[in-house]
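Working notes, beginning with the structure itself.
Letters are used for the chains, namely A, B, C and D, taken in the order the chains are written, and counting of residues starts over at 1 for each.
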Amino acid sequence: MRSFAPVLTVVGAIMVIWYGAAVALNSSWAYDKAKRADVTLSFSEMVADTMAQKKPLLPAPHQVVAEIYKTTVLKKITSKRSLIWHGWVTLSATLLGFAMGTGFGILLAVGIVHSRAMDMSVMPWVITSQTIPILAVAPMIIVVLNAVGISGLLPKAFISMYLSFFPVVVGMVKGLRSPDAMQMDQMRTWSATQSTMLWKLRLPSSMPYLFPSLKIAMAASLVGAIVGELPTGAVAGLGARLLAGSYYGQTIQIWSALISAAVLAATLVALIGLIQNITLKRMGMLR
Amino acid sequence: MSKEVIIETKGLDLTFETNDGPVHALKDINLTVEKGDFISFIGPSGCGKTTLLRVIADLETPTGGTVSVNGVSAHEARMARAYGYVFQAAGLYPWRTIGGNIKLPLEIMGYSKDGQEERVSKVLELVELAGFEQKFPWQLSGGMQQRASIARALAFDADILLMDEPFGALDEIVRDHLNEQLLALWARTHKTICFVTHSIPEAVFLSTKIVVMSPRPGRIADVIESTLPKERPLEIRDSKEFIEIAHRVRDGLIEGHSNG
Amino acid sequence: MSWIIGALLFWAAMWLLNVQLSKRPQTRALSLLVPLIFGVTLLVLWEGMVRGFQISPILLPPPSAISVRFANSLPILWVDFVQTFVKGAMSGYIIGCGSAFLMAIAVNRSPFLQRGLLPVGNFVAALPIVGMAPILVMWFGFDWQSKAAVVVVMVFFPMLVNTVEGLKASDHMQRDLMQTYGASYWQGLMKLSLPAAMPFIFNGLKICSTLALIGAIVAEFFGSPIKGMGFRISTEVGRLSLDMVWAEITVAALAGSAFYGVVALIEKRVTFWHPSQRG
Amino acid sequence: MNRLLTTALAGVLALGTSVAHAADDVSLQLKWVTQAQFAGYYVALDKGFYSDEDLNVTIKPGGPDIAPAQVIAGGGADVVLDWMPSALASREKGLDLVNIAQPFKTSGMMLTCRKDAGISSPADFAGKTLGVWFFGNEYPFLSWMNKLGLKTDGSDGGVTVLKQGFNVDPILQGQAACVSTMTYNEYWQIIDAGLTADDLVVFKYEDQGVATLEDGMYVLGENLKDAAFKDKMVRFVRASMKGWKWAEANPDEAAGIVLDNDASGAQTEEHQKRMMREISKLTSGSNGALDPADFQRTVDSLMSGGSDPVITKQPVGAWTHEISDAALN
C-alpha cells in the first residue's frame, strides 16, 4: 500500500490537470459555436460542452476511456474497428522486430567484444545509425523491401529492429565485458577456449546488463512498429489508428490509440521485468 | 580534581523498526567521556558500537535516554560543528582533489578563502600528505586516502574526533603506522577521540579507556581504564602491562558474549 | 557485374587493412582512422551495389549522386538545418532538459513525490511519444514552436528519470558526512548530490540528444512551413528527388552525431573522475 | 491476415471455375487511404468484376508518405493511381509512367477559405497564409499561384505557404486563411467540425482554369511492350470502369463496400456515403478514356510556370488510348 498511494496521488494530479486543460482548451470552440448559434453559455454549460465535444482539442479522460471500452469490449476481436485487433497487428510487428533486433544486437556485441577490428570500426557507426531519422527512411525501406518482394509484417519489423538493436548492442558490449580480470584469468588457467569463455562466463555475467537493455529495446521496438505504420498508410495497427484519427480530426481516437500503445508498452516492459526476476533469481544474481 | 565532561549518555536506548520486527540495538548505555580522553569501543559485530557513535554524532536518534555533547544536546552539538567524523571508508569525493576534499567542510562552514588554504596545508602536514593537494583521491593508495579523510575531519576547529573503524580495511603494516601517527596527532592537538574498532591490540595500544560491548541487545559489558603511559612506542605491545590489559579486554568480551 | 565484384573486393581489402591496423598500439589518430576506413568502405559498397545491380535512382541513389546534390544545395540545406535543428530541436532540447532537471530537483526533496513520479515517469518515457506529434502540431501551430514542443515532450521524461536516479546516487556515508558538517539542504545539493548525479544527468542528456532531432523531424511530417528537414524529406520523396532526401538525411546524421559528440565531450570534461571515464 | 484468406479463397474459387488456367495477378497501388475516392476498384473486386475477367487483383492502400511512382518503380505494383502533374514530373525524373485510363473527368480540388480571414476572391490572397499539400500534390497550386502572379517563397507581396498535414486543422485553428480541400473529403471535415458553408468561400481549381487530371491509372511504359501485360491491363481497365459505373449507380452500397475493405476501421458510414456522391460527380463524365484536350490543358498549365515550371518540356508518350480503346469498345 505504501508504494501505491504516491503513484495514485500523481496519477490523480495528472487527471485533475488533464480535466482542467480539457476545459481550457476546448472552451474557445464551445464559445465559438455558441456565438454562431447566437446563444450565451453559462459557465456550467460551457464545462459540460467541453466534456462532450465530438472532436475536442483535448478529449476528457472519461471520453477516452469510453472510446477504449467501446472499441475493445463491445467490438468483436476480429472486427476492424476493434482496438484489440489493431493492437495485435502492432504487437506482432513489435515482437518480430524485437526478436530480430535482440538477436542482431547480441551477435553484433559478441563480434565487437571478440574482434578489436570490429570494435574500432563498427561501434562509432552504430551510434551514428541512431541519429538517422528513421521515419524519414521508413517509407523508402518499405518501398525497397517491396521491390524485392517483402511486404506486410516484415518491413515494419525491420524498422522495429533498427530501433531496438541499438540498446541491446550497447548493453551487451558492457555486459560481455563485465567479468573481471580475475575471472577471465581463472578461465585461462583451465585453458578454456574463446567459445567456452563466452558461454560459461561472459554470457551468464552479461544477464544483469541484458534485461535493462531489453526493456528499452522493447519500448523502442513498439515505437518502431508504430512509426512504420504511420507512413505506410492507414492500413491497420495502432499507428494507422493514430494516423487515421489525425487525418479525420478524431482526437478521441488518437488518444485512445496512444493510451492503448502506452498500456501495451507497459505490459511488455513489465513482462520482461518478470522474466528478468525469474532468470536472475535462478542464476542467484538476485537476493 | 575532576576533568571536564565532554560526552555523557544516561540510560540510552535505541530500537530499530525493521520489516522483521524491532531490533534492540542499544540498551541502557551510561557513559562519561572526559576532555582529552581517547576512548575505544570494542566488541563483536552487531554489538552496536557503530550505532552508539552515530547516536553521539546525531546521525541516529535514540528511542530512550539522553545524550549530551559539550553540555548541549547531540543535535545542537552537530549544528555547532562540535566534532569531526571519520568513516570506515575514506569517502572522498572523486570529483574533488585532495585539497578540495579537505576544503569541503570549510566551504560549508563558511571559512574565508585564505583561512581555507592555510588549514588545508596545515592538516595535510599533520597527516603527512603535504604535496598531494592537487592529486585526485583515485590516484592515491587506500592508506593515503584514509589519512586524507582524517585530515578532512581535522580541518575545522572541533575538539572531538569520532572515528568509526577508520583503519579496518587497511593492511597491518599501514595500520600500525597510522596508529602511531594518530597517537602523535592526539598528543599534539589535545582532542577528545572516540574510536570504534574490533581489534584488541589496536584498542589497547591507542586508548586511555576501553569500552567493551556485548551484542543482542547492545550494551556495555565492561569499562577498562588503561594504565599505559601517554608515550607509547610500538614496542609497548610486547610489555607485560599491555598483555595484561589485552587479557582483561578479551575476558570482558567472552563474558559479555556468554551472558548474551 | 564488375562493379559488384570490385566493391566486394574493396570491402575485403579494407577489412583486412582494418584488422591489421587494430592490432597496432592504439593512438588517437588510429581510433579515428579505423572507423573512417570502415565508413568509406560502406559507401564504396553502396555505390558498387547500386551501379552493379542498376538500382533505379528513384529507389536508392548512389552516394556519388547524393554528394553532388549535397554540394549543390548547401543554401537550402542550411535553411532547413536552422529551421529544424537550431530552432526546433535545440530550443526544445534546452527547454525540455532544463525543465526536467528543475522538476527532478523539486521532486528530490519529497520521497513521496519520488515514489509516485518515478513509475509514472518510466511509464511515460516508454510511451511512443511520436504519436503526440499530430496533437502538438494542432496545439502549437505549424511553425517551429510545435516542433520544439514535440521535442520537449520527448526528452522530458527520460531526462527526469535519469536526473532523479542520479540525485539518489550519492552513497549513505557521503550523505552522513554532510550531516556531520551540519550542512543545509542546498549545501548538500550543490556540493554532493549534483556532482554525484552528473554521470546520470549526462546519460540522460546523451539519450535526449538523439531523440531531439528525430522528434523535430517527425513533427514536421504533420504540418510545417515550407522549410525544414522533415518538410524537405517528405516533399522530395513525393517529387522522387531521392538524392535530395539522402542529402537531408546526411545532414541529419552529421548534425546528430556532432551533437552527441559535443555532449559526450562535455561529459568527459565534467565527469572525468568517474570510473567509466578514467578507462 | 483476413485479406490473405479472402484472396486465397478467391483463388481457390477461381481455380474451381476455370481449371484451365490460373487467374492473372494484378496489384494496384492507391494514392491515399481506403475511402470512397477509390470505390470503383473496391466494387470491382467485391462484385467479382475482376474475377469475371480472370484477374486476381490486390489493392494496396496508400498513405501520406507513399509515393505511387516510387512504388511502381520498385516493382511493388503493376498499376498506380496518380495525379497527372505528379506523374509528368516523375516522367521528367526518368520514370516512364504512361496513363492508360482516366476515370476522373473533373478535378475535385479546391482551396477553401474563411470569410472572416478577409478573403472573397483570389485577389485577396496576397499576404495570407495558405495551406497546401505537398508530396507531389503541390504542382496544381504552384501553377495557379504563378498564374495569379503571387510569389510562394515567402517574399513580400506573395503568399505564405504552409505544408498542411493530412487534416484541416490549420483552418479550424485559424493558423491559415485557406486550406486545400477536395470536394469529396476535407471540405466536409470542415463542415463536420462546425463551420458552416456560409462561413466559407471555396475556389475550385476547375473554375479557376487550373484544374489538372486526378486519379488516373498509370503503368510503366516498358511493360506495355509486353502483349500479355497489355491484355491484362485491358481486362483490368474494363472491370475497373464497370466497377466505377456500378458505384455511380449505387452510391450507398458502394460506400458500404469501401467500409468493408477499410482495414483501419476509422471511416464512418456517413462520411463515406457523402464522399461517394461527390466522387460520382467527378467520374460521371468519363468513360475511362483520357481526353487529349484535358491532357493538353494540364500540360500547358504546368509548363506556364514562368521561371520555375513544374515540367520543362512537352511530354511525349505520356498517355495511350491503346488500352482504354481495347477495353471499352
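What we mean here is this: contacts are C-beta pairs under 8 Å (C-beta built on N, C-alpha and C of every residue); 3 or more make two chains touch, one makes a residue touch a chain.
Since the model is a prediction, treat every value here as computed from it, not as a measurement.
S.K.: Going by the contact rule set out at the top, which chains touch both chain A and chain B?
M.R.: Joint contacts, listed by label: C.
S.K.: By mean C-alpha position, what chain is farthest away from chain C?
M.R.: The most remote chain is B.
S.K.: With contacts counted as defined, which of the two, A-C or A-D, has more C-beta pairs across the interface?
M.R.: When A-D is set beside A-C, the one with more contacts is A-C.
S.K.: From the C-alpha centre of chain A to that of chain C, how far is it in Å?
M.R.: 18
S.K.: Need the CA-centroid distance for the pair chain A / chain D, whole Å please.
M.R.: 34
S.K.: Using mean C-alpha positions as chain centres, tell me how far chain B is from chain C in Å, no decimals.
M.R.: 50
S.K.: Centroid of chain C to centroid of chain D, CA atoms only: how many Å?
M.R.: Inter-chain centre distance comes to 38 Å.
S.K.: Note the residues in chain D that touch 2 or more other chains, in rising order.
M.R.: Each of 64-65, 67, 70, 74, 165-167, 169 in chain D touches at least two other chains.
S.K.: Could you say which residues in chain A touch two or more other chains, in rising order?
M.R.: Those would be 139-140, 143-144, 147, 230-231, 246.
S.K.: Hunt down the residues of chain C that sit against at least two other chains at once, touch-wise.
M.R.: 59, 134, 138, 221-222, 234, 237
S.K.: Strictly by the criterion at the top, what is the full list of touching chain pairs?
M.R.: A-C, A-D, B-C, C-D
S.K.: Using the touch definition from the top, list the residues of chain C that touch chain D in their complex.
M.R.: So the residues of chain C touching chain D come out as 56-59, 134, 137-138, 141-142, 220-226, 231, 234-235, 237-241.
S.K.: Looking at the complex, which residues from chain C come into contact with chain A?
M.R.: 15, 18-19, 21-23, 30-31, 34-35, 37-39, 42, 59-60, 112-117, 119-120, 123-128, 130-132, 134-135, 138-139, 210, 213-214, 217-218, 221-222, 229-230, 233-234, 237, 242, 245, 248-249, 252-253, 255-257, 259-260
S.K.: Enumerate the contact residues on chain A facing chain D in the complex.
M.R.: By the definition above, chain A touches chain D via 29, 32-33, 36, 55, 78-82, 85-86, 138-140, 143-144, 146-147, 151, 230-236, 240-241, 243-250, 253.
S.K.: Flag every residue of chain C that touches chain B in the complex, lowest number first.
M.R.: Checking each residue of chain C against chain B gives 171, 173-174, 176-183, 187, 191-192, 195-196, 198, 271-274, 278.
S.K.: Chain C touches which residues of chain A in the complex?
M.R.: Its residues touching chain C are 3, 5-11, 14, 25, 57-58, 115-117, 119-125, 127-128, 130-137, 139-140, 143-144, 147, 215, 219, 222-223, 226-227, 230-231, 239, 242, 246, 251, 254-255, 257-258, 261-262, 265-266, 269.
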